[in-house]
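Here come two complexes built around subunit A, the first alongside subunit B, the second alongside subunit C.
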Partner chain A sequence: MKFRCERDALVEQLSTASRAVSSRGGALPVLTGIHLKAHKETLTMTGSDLEITVRASVAVDVKESGEAVLPSRIVVDIIRSLDSGAVEVEVSGEEAKISGGRSQFSVRTLPVDDFPALSDPSGDQVTVATADLAAGLKQVVRAASGDDARPILTGVLMSAEDGGLRLVATDSYRLAVRDLPEATVLSEGQKVLVPSRALDELSRVLGDSEEVNVRLGEREVSFDVSIEDGAVQVTTRLIEGEFPNYRQLIPSSYPNQLTIGREPLLEAVRRVKLMARDTTPLRITQKSDSVELMAVTQDVGQAHEEVDAQYSGDELTVAFNPDYLIQGLEAAPGDEVILETLDALKPAVLRSSEGGDFLYLLMPVRVS
Partner chain B sequence: MRLVIANCTVDYSGRLDAHLPQAIRLIMVKADGCIAIHADGGAYKPLNWMNAPNNVRELEEEDELTWIVTNPKGEQLTIQIHEILSDVAHDMGSDPGLEKDGVEAHLQELLAANIGDVCAGMVLVRREYPTDIGPVDLLCRDSNDAAVAIEIKRRGEIDGVEQLSRYLDYLNRDGNLRPVSGIFAAQEIKPQARVLAEDRGIECLVLNYDELRGIESNELKLF
Partner chain C sequence: MEDLPILHVDMDAFYVEVERQSNPSLIGKPVVVGGDSQRGVVASASYEARAMGVKSAMSSVVARRLCSDAVFVKSDFPRYREVSRRVHQIFQAVTPEIEPIALDEAFLDVGGARKLFGSSEEIAWQLRSDIYEGVGLDCSVGVASSKLLAKLASVAAKPQITSRGIQPGVGVYVVDSENQKTFLEAHPVEALWGVGAVTLRKLRSLGISTVKDLAAVPEQVLVEALGASHGGHLWKLSRGVDVSRVNSERQRKSISHEETFPSDVYDRKALESEIVRLSDAVSSRARTQGTAGRTIHLKVRRPDMSFVTRSITVDEPVDTLPEIAEKATELLAQLDIGQGVRLLGVGLSRLDETGPRQLSLVQDDKRDQSWSRLSGAMDRIRERYGHSAIGPGLPINPSENNDS
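Showing the complex of A and B:
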């Protein structure tokens, strides 16, 4: 195998594919490598940890077709370090020569026959507008859990809802819901649980593309994106199991409703959070025409800030994890948000005052 | 479940011979065929028993009933029933099984949630931290930001110390974590396990399950 390519285009796609490469390899050491296939003026790079597979392709000058598996981390570092301009990669036997400018590297390859055959999902292909999906993922994926001890919560629920697509994620402290009414990916009643890590990778590659092609299989889902210098496919296994029944947690009405400018509140929370060290919560006292934010960390100090707001309901102090509140405010669309509360210990709802398709359920923190 | 309270004499022959002289006892015949003979005392252990599968033959001679219980191993329990005081049977249906309070998973969950309260300055990195030989229960960082692997058991025995030692061996090969120290945490730690752990520089931590449960978390959860 031998090909020649511009460094910048190659390193970008190589980095994309390498993000799915297993850091340890486990039972299959070859998975610490990245699979390269040069064929018909295209180089396809595949990284996989068997749960997530990222395949990135880029146009190159193929001088000799072939395939090889190269150790991912070192090869990405080598190519990134080369001078801008043309890079040439030549693989013969168990050795890969990488050259660019006046630099030359020689790297031992990994056994190409050991690299697993990774098939694509067999379902029908559906096209979704990138802008909607990207916005939805940005709002929802952050609410998914990173704790592998509860694997169901590490996924994002994708379910058919009123002819569109609903995205839901929770880490049990907050829950984000976003409806994409125009995205018809699933048939009525269908729902799948997609690892948030895969969707995070997808978010990174969506970029300026206009459309995403989604192919849903029985146990896998793949997303194909065309980008300026090539194409990227993210394939992931679906998570098996039942997502918690989140609908029961969203009351139909709340007695207390705070309407407030999103940006002023966000800035105030960020400032007051400076005094909320470690697990210190941020207290919000809601009054008729304002809201008072307060954080106290013993032996360090305290912060207070008042923000203008409209409030209907009894005066109420409720405390939240400031990071979760910030992430909810960042995700909420529009200039104004509504924070609805029942009491200091029940989940609160954050949404845009303009209505819309986004909802963020946030569990308070108990304070004495 | 059949419960028979009877004045009886019992003889067992098998791995050894045993004789229970005539007395009033409770004979339990379980749906799966297990038979146990209880006195009116002691917490749970029968005076004699035979595990399923069993074959029970009832013989009646001269107004006296004899049960001959045999199993495939050739063991035999002979129950001479002189007088039956009570004989009742109930269909108990299928049993949902025993849910043990304080099993390792719950201990792990509790310790993970309260690690800072149990070990001052310690913060949790991850539960079930993966290594090539299996996940270590908790990976934490201490107040000096050094990595600490914690293995949790209900009963701390030598096997648990060996297991943690293997994890530490692997974790210490990772340049991003090294040096990794270990804590062996259990509700009860056997003296031999403690000696071995301390010999290997592993700290022992006795967990009080009730105390851990009593630590009220400020974190309210949706699920």
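Showing the complex of A and C:
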């Protein structure tokens, strides 16, 4: 295998594919490598940890077709360290030669035959507009859990809802729901649980693309994105299991309703958060025409700020994890948000005052 | 005034009496707390049941045979723990020098409290009535110069089962220099700490069955029969010499266990196994004391004797093995162990603090619940068969395979 290309064109796609490479390899050491395939005028780079596979391709000048697996970390570091300009990679036997400018590296390859065959999902291809999906992912993916001990919650639920697509994620402390009415990806009644890590990767590569092609199989789903000079495919296994019944978590009505400017509240929360150290929460006291934010950390200090707002309901103090509140406020669209509360121990709902397709459910912190 | 600083407080038929508080129909009846299934074990028996021969740790089947009228009640350890915590708060009002032994017993050193509260005996009576007022339960208190004597004294203060029925105990029993020798020597040797089945057999073969017999034997005979340390220790005990102190440090500050390795350890896996073992010891002690902590500590001593400690604070107090081990392992992952590890320690502090708690939308605490049930089962097995009877499966003996 031998090919030549621009360092700048290669480095980004190589990094993208390498993010799916498993750091340890586990039972399959070859998975610490990145699979390269040069064919016709295209270099396809594949990284996989068997859960998530990212395949990135870029146009290169192929001198000699072939395949090889190179140690991912070191190759990414090498390409990244080179100056802009032409890079040449040549693999012969168990050695890969990488040269750019006046630098030359030779790297031991990994056995290419050991690299697992990674199949594509068999389902039909559906096309979704990137802009919608990108916005939805940005709002929802962060609410998923990062705790592998609770695999179901590390996923984002994608379900068919009124002819559109609904994205739901929760780490059990907050829950984000976003409807994409225009996106018909699933057939009515269908739902799948997609690892949030894969969707996070997908968000990173969506970039300026126009549309995403989704292919859903029995056990996996793939997303194909065309970008300038190439393409990226993210394939992931689906998570098996039943997502919590989130509908029953959303109370139907709230006695207390706060309407407040999104940006002013966000800024105030970020400031007051500075004094919410360790596990201390941020307390919000809602009054008729304002809210008071307060954080007190023993032996450190306290912060206090008042923000104008409209409030209907009884005076109520609720405490939240400031990070969860910030993420909800960042995700909510529009200039004004509504925070609805029941009491200090029940879930609160955050949404845009313009209504819309986004809802954020937030569980308070109980303070003794 | 004579120096009798040690109190041993032992609740009377603790589990049974707690159950009677919530179910008064049990009062006056023989009651057995524990499982009533084929394989259940008696955790505690009322004096009425004890009069029929029922004893703690006996199988429920035998207990039922001995006392067919007995009412069997399933044990409710979370509640016993809660009551125990309230009793400990009453202790705290008198002295911080408390060494909890189990949910229903503790040693107190009131040496420093006597200026404020009167003599040890007066403090004992006061505690007894404070506990009755506070939680509505009776206890027996032994007062003496040492832990061994105080423990034996509290037994003497207990209600007695006689041929005429159950006689109320004296409540407080004081062992002072006047009665110490007679009191101690009247006990069988197995009443002394460290006399188990093996030692008992050896002593019997020497014709020793009471503490009086033991005290009459020259130290050298015991040393030859039982070894220098054990023999010498028993000989001292037989004369009422017990220098062990009320170890209250763990109650006041933290609970910790540490291990010094026979040779420096470089293998992370071996250290992780050791963390599991130490976390087991820490969590088990926390539960025995009816406490839980929010800060988990890891201590590492390097071969050059330098120390590193790391800690992490969680939202909710923890007292189970996986909760402590998981955090301690996370802390270990942050440390460079390239130089090797000579000593490893795991600790728990900020005991009994309930901090702010992030509430959950989804009630999926199944894992935690199963662990607290499992932990309870482990505690009961250990109560009966000793600490080594059960343990986590992972580290059989990690310190033995460090050579690699």
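Following the convention adopted for this analysis, the second predicted complex is superposed on the first by the 368 of 368 C-alpha atoms of A that agree within 3 Å, B and C clash if a C-alpha of one lies under 4 Å from a C-alpha of the other, contacts with A are read in each partner's own complex, and residues count from 1 in each chain.
Everything that follows uses one rule, which is that contacts are C-beta pairs under 8 Å (C-beta built on N, C-alpha and C of every residue); 3 or more make two chains touch, one makes a residue touch a chain.
Being a predicted model, the structure only gives us computed values, none of them experimental.
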| item | value |
| --- | --- |
| Side-by-side fit of subunit B and subunit C on subunit A, or clash | clash |
| A:281 touches, of subunit B and subunit C: first, second, both or neither? | both |
| Which of subunit B and subunit C A:271 touches, first, second, both or neither | neither |
| Partner chain in contact with A:304 - subunit B first, subunit C second, else both or neither | neither |
| Touching partner for A:147 - first (subunit B), second (subunit C), both, neither | first |
| Touched partner set for A:108, first subunit B, second subunit C, both or neither | neither |
| First (subunit B), second (subunit C), both or neither touched by A:249 | both |
| Which superposed partner A:361 touches (first subunit B, second subunit C, both, neither) | both |
| Candidates 23-31, 185-193 or 365-373 of subunit C: the single one with C-alpha clashes against subunit B | 365-373 |
| Contact residues of subunit A, present in both the subunit B and the subunit C interface | 149, 153, 170, 172-175, 244, 249, 279, 281, 345, 347, 361, 363-367 |
| Interfacial residue positions of subunit C with respect to subunit A in the complex | 313-315, 354-362, 364, 367 |
| Footprint of subunit B on subunit A - complex, ascending | 24, 26, 147-149, 153, 170, 172-175, 244, 246, 249, 279, 281, 345, 347, 361, 363-367 |
| Touch list for subunit A against partner subunit C, complex | 149-150, 153, 170, 172-175, 244, 249, 278-281, 319, 321, 345, 347, 361, 363-368 |
| Interfacial residue positions of subunit B with respect to subunit A in the complex | 109, 126-128, 130, 132, 216-223 |
